[in-house]
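Each of the next two complexes has chain A plus one other chain: chain B in the first, chain C in the second.
So, the complex of A and B:
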């Protein structure tokens, strides 16, 4: 096994795979920066190019591209408040708030270094977990996966706003997201739900136009109202120093970085939950790590932990999601489903073969993730000054350029004008939510989890009837969901009592 | 007067969830189950929010979301600027529908820079040309994104 590990490294470092990996990294770098142009879409577009490549070259190219998309997507999210990727939306909440406070360099430093740590942990998980994880994945059926979705939603709804009123709004926003996820053809009976006889809505609401509208449009309006640069009148500061501070932050909160990386890896391993879930769960966990009411208020206002958590989870999930793809042929996400297509194009069959005959190829994937992230993060640090200075460009020059990117990012989802209309509608919803003090994170998670949760619930009921509720892991996860909801209320009461006594 | 955006949002969610529940009643049970399980509690939650807004007045919960900085711009100016921004966004969308992306992008950039940002003609033209060249080179020439033509061109 150790021999295969080194063989994998040596083969990735051979000139051809290395060249293909570098080409992939350059592509992934720009795909990540451009809002809406998703990593999964680009993987699909690049798939035909792997004909004729050797497996290690092909995976160096595809994974090299895919594993850096989330890293550079963080940059767009932090600097402009526009999600570079659907999987990098959570980092906006605190990352962009830091950019507005003139701490763009620090936020980018924290995001990049936590991404790197996350990617390493994800890659390590891929290397180490394959023999261990098999019984775990096989023990999780539809009931457990449904409950995992519910825990995720409870987590973010309960933690995304302060107090009972905030929790009410969190759950309402989450419910709205769940409801909107039902737009489109019902997967069980094929009935068109809430489509208003429109063909466009039959496939449901795509995540990218919704996210771009929800996050980017309110930011653009806010920028136009303030009339200053993103960082306002605040000096952007010495960026390299700020970035170093961000790197130090990652190591200052090292255990948080590790925990969020593990959350990302775990979500990645669980088939069907996807990267969008990982970042929000990690954000929720980071917010939960605040010990005092004062600390908790910092989240959403530029707390570096709100950057570190999603940054780490977003990249660690890549290694994690490769585990079920490689070991069982069960893709952990859309991108992995496309990558699975790559396996078949190359004549490889995921499963035991990948752990025996083609073990070197499996380890070459681990090394590709590690090397691609090291190269990307180094490149990002080299260009950090230029990237972060974009926050001091006057708003009136940035707004039209960002708006063009927003509309193109949205349009490229289905190449239909209706995508832009969806962006505009959710832009208005996002603006209302920000104006009203409603959290947007539960809404997004509801939208992401809705279809998955419905499918798992349907299969659970069809397969086990009511008995699925008594399965041990389901009971444990249900208890966890209750704790997640009740604990913040109890803690708020205890804090209020303590403050009243003081 | 309650917090107006929160009130609008609450009323909107009440309407959406009520419609969702009523529409679901016409479907077979396995199609309607999940929509009903979600829309009915959602209606109740939104109603509680709207009622409590009336009872307790304007309340702004602290969210873990990006928050507006303290008002640096007077209320009326902010409202006017918000309307202007919304106008430009909708105008750009209308231009895309009418002329297609390839024409609407430079027209919008030039118009925004010259008339909203009050940049000089020279700067506006050069900036527009550079952004348009990048846009065309990347999305049209290199990536071959299928930009649909507009209603007029």
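So, the complex of A and C:
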């Protein structure tokens, strides 16, 4: 196995795979920066180019491209508050808040370094999971996946403000998100729910226009009202200084980085949960790490931990989602489903063979993820000064550009004008939520997890009736969900007592 | 005067001929799904090879128009796309069923599209776990009522759901259909961990799992493919003519598994040119090699044949349609 590990590295480093990887990286770089143009779509479009390639070259090209997308998506999210990818929305909450405080450099530094650590851990997980992947994935059935969704929803507690009022708002927003996830044809009876007889809503709300509206529009309104640059009136020199500080932040909160990377990897490994869940769970976990009420209030207003958490999870999940793709031929995300097509094109059959006969190819994928991220992050650091300076461009020059990005971004998801309408509607919703002090993260969590929770609950009950409730993993996850909800309440109480004593 | 009439005549004569010269033009294939799915893959393979069979070698591009199980795309091709011979469309093979059962949002008449043909037939099979004691369809009849086989499905309207539903309702096989899995891949994992006992689906999508002996196919629908000719057909077990008609109706669209149409009113010459190109491109050696690599099993069905299937399908007595609607819903 060790031999295959090194062979994988040597083969990736041969000139042809390396060249293809670089081409992939350049492509992925732009795809990540531009909102709307997603990693999965680009993979599908690039698939025909791999015909003449050897497997290792092809995966260097495709994976090189794909693993960069999440990294550069963070940049758009932090600088402009526009999600560069659907998977990089959570980082906006604190990343863009930091940019507004004039700390764009530090936020970018933290995002890039945590992305790199995340990618490494995800890749390492892929390599380490090789011997145990089958039992691990097979031990998670529908009841377990349902409970995972419940644990995810429990994170709403961590994403809401302290106190009864904050909790109430958080869970209401989460409930609203759940409600909106029900839009569309249901998969049990085939009934069209809340579609108002429109074809557009038949398959539910698309996440991209909703996220773009919810996060980008309020920022644009804010920017227009202030009339200054994103970073306000701060001197330019200060913006770019913090990059190294951001890198240090990642290592200052190293255990948080590791834990969030592991969350991302785990969500990636579980097929059927989807790519956009990991970032929100990681963000919720990062918010939990606040020790005082004061610190808790800092989340959403530019706490660097809110950048590190999703940054790490977003990149680590890619390595994770390769695991079921390689080992079972069952993709962990849309992008992986397309990559699966790549396997067939190359004459490889995903499944147990990839862990024995084609082990070198599998390890070459691990190395591609690692190398592509190292190259990208290094390249980004070279441009970081200029990137961070964008936050000092005056609003009247920046707003038209961002608006174009916002509308193209939401329109290209389905090529329908209704997408733009959805963006505008959720822009208004987002603006109202921000100005009334309602948290947006629980809303998104509800929207992302609603369908997953509903379907797996249905399957669990239909398949096992009530017997699934006693499965050991289900019980453990249930206990975890309770802890996640109760913990912030207990902590608030303990803090209050301590303050009373002091 | 004579000359004027002559030149006018010439223009009318030449117009359809000019329509067939695609030099410098762009032909668009509108696909009713997002990038990466089966319909999209087939369209992209065709787009790469179609130019050499059209005079003037036009650009052929693919435009994805996802939404409402491709109803949006079909409505667009029927009502909005220009019938200038430069638009091809492909959509969910079950759209004729949507029209038959009067689904809201159907703004087309399948019979009035200019049918170019179909690029593949898709056969549905039911496959169950290889370690189960049921080896043939006859065995399947012995499944006890109190311990039904669990069949994983994605949702109503998909063949993962509709095919086993008719086996259960019309042939009385004891199956329990559990639906809501996000994709057929997720059902395969459920089969692997013994949460589900099997699944129905297109034979092509099941092949890798049949090859590695996870599941075995027991029964198929009417459309056949190499490798499953000998499997029994669901219709052959129908207890009466009504049941047979309903099963036949469900599987009819599978013969035209990858339908290709042009907008109604497209000039006859342009349709003819496209039909000929379509018939030849599917036999193209390079295309075949490419399709084989992508695990796409392409075979040509002519436009006339496709239209015949559509006409038969839409020409059902009301009582059959009513009974059919009780079981089958358009979706997915």
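The definition used in the following text is that the second predicted complex is superposed on the first by the 493 of 502 C-alpha atoms of A that agree within 3 Å, B and C clash if a C-alpha of one lies under 4 Å from a C-alpha of the other, contacts with A are read in each partner's own complex, and residues count from 1 in each chain.
By our rule, contacts are C-beta pairs under 8 Å (C-beta built on N, C-alpha and C of every residue); 3 or more make two chains touch, one makes a residue touch a chain.
Since this is a predicted model, take the numbers as computed values, not measurements.
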{"item": "Touching partner for A:189 - first (chain B), second (chain C), both, neither", "value": "both"}
{"item": "First (chain B), second (chain C), both or neither touched by A:200", "value": "second"}
{"item": "Partner chain in contact with A:306 - chain B first, chain C second, else both or neither", "value": "first"}
{"item": "Chain B versus chain C as contact partner of A:111, first or second or both or neither", "value": "neither"}
{"item": "Chain B versus chain C as contact partner of A:227, first or second or both or neither", "value": "first"}
{"item": "First (chain B), second (chain C), both or neither touched by A:216", "value": "neither"}
{"item": "Chain A: partner with more touched residues, chain B or chain C", "value": "B"}
{"item": "Contacts of A:458 with chain B and chain C, given as first, second, both or neither", "value": "both"}
{"item": "Which superposed partner A:176 touches (first chain B, second chain C, both, neither)", "value": "first"}
{"item": "Touched partner set for A:445, first chain B, second chain C, both or neither", "value": "neither"}
{"item": "Footprint overlap on chain A, where chain B in one structure and chain C in the other make contact", "value": "186, 188-189, 415-416, 454, 458"}
{"item": "In the complex with chain B, residue positions of chain A that touch it", "value": "81, 92-93, 96-97, 100, 159-163, 165-166, 168-169, 171-172, 175-176, 178-179, 182, 186, 188-189, 191, 193-194, 217, 219-222, 224-227, 232, 283, 287, 296-297, 299-301, 306, 394, 396-397, 399-401, 403-404, 407-408, 411-412, 415-417, 420-421, 424, 427, 429, 431-441, 453-454, 457-458"}
{"item": "Residue ranges of chain B in contact with chain A within the complex", "value": "3, 5-6, 8-9, 12-13, 16-17, 20, 23-24, 27-28, 30-31, 33-35, 38-39, 41-42, 45-46, 48-49, 52, 59-69, 72-73, 78, 81-82, 84-86, 88-90, 92-93, 96-97, 101, 105, 108-109, 112-113, 116-119, 127, 131, 135, 139, 145-148"}
{"item": "Touching residues on chain C, where the partner in the complex is chain A", "value": "34-36, 40-41, 44, 48, 63-69, 71-72, 75, 104-105, 150, 154-157, 176, 178-183, 185-186, 188-190, 192-193, 195-196, 208-209, 211-212, 290, 293-295, 329, 331"}
{"item": "Of chain A, residues touching chain C in the complex", "value": "40-41, 43-45, 48, 51, 137-139, 141-142, 185-190, 197, 199-200, 202-203, 271-272, 274, 324, 328-331, 334, 337-338, 341, 344-345, 347, 349, 351-352, 414-416, 452, 454-456, 458-459, 462-463"}
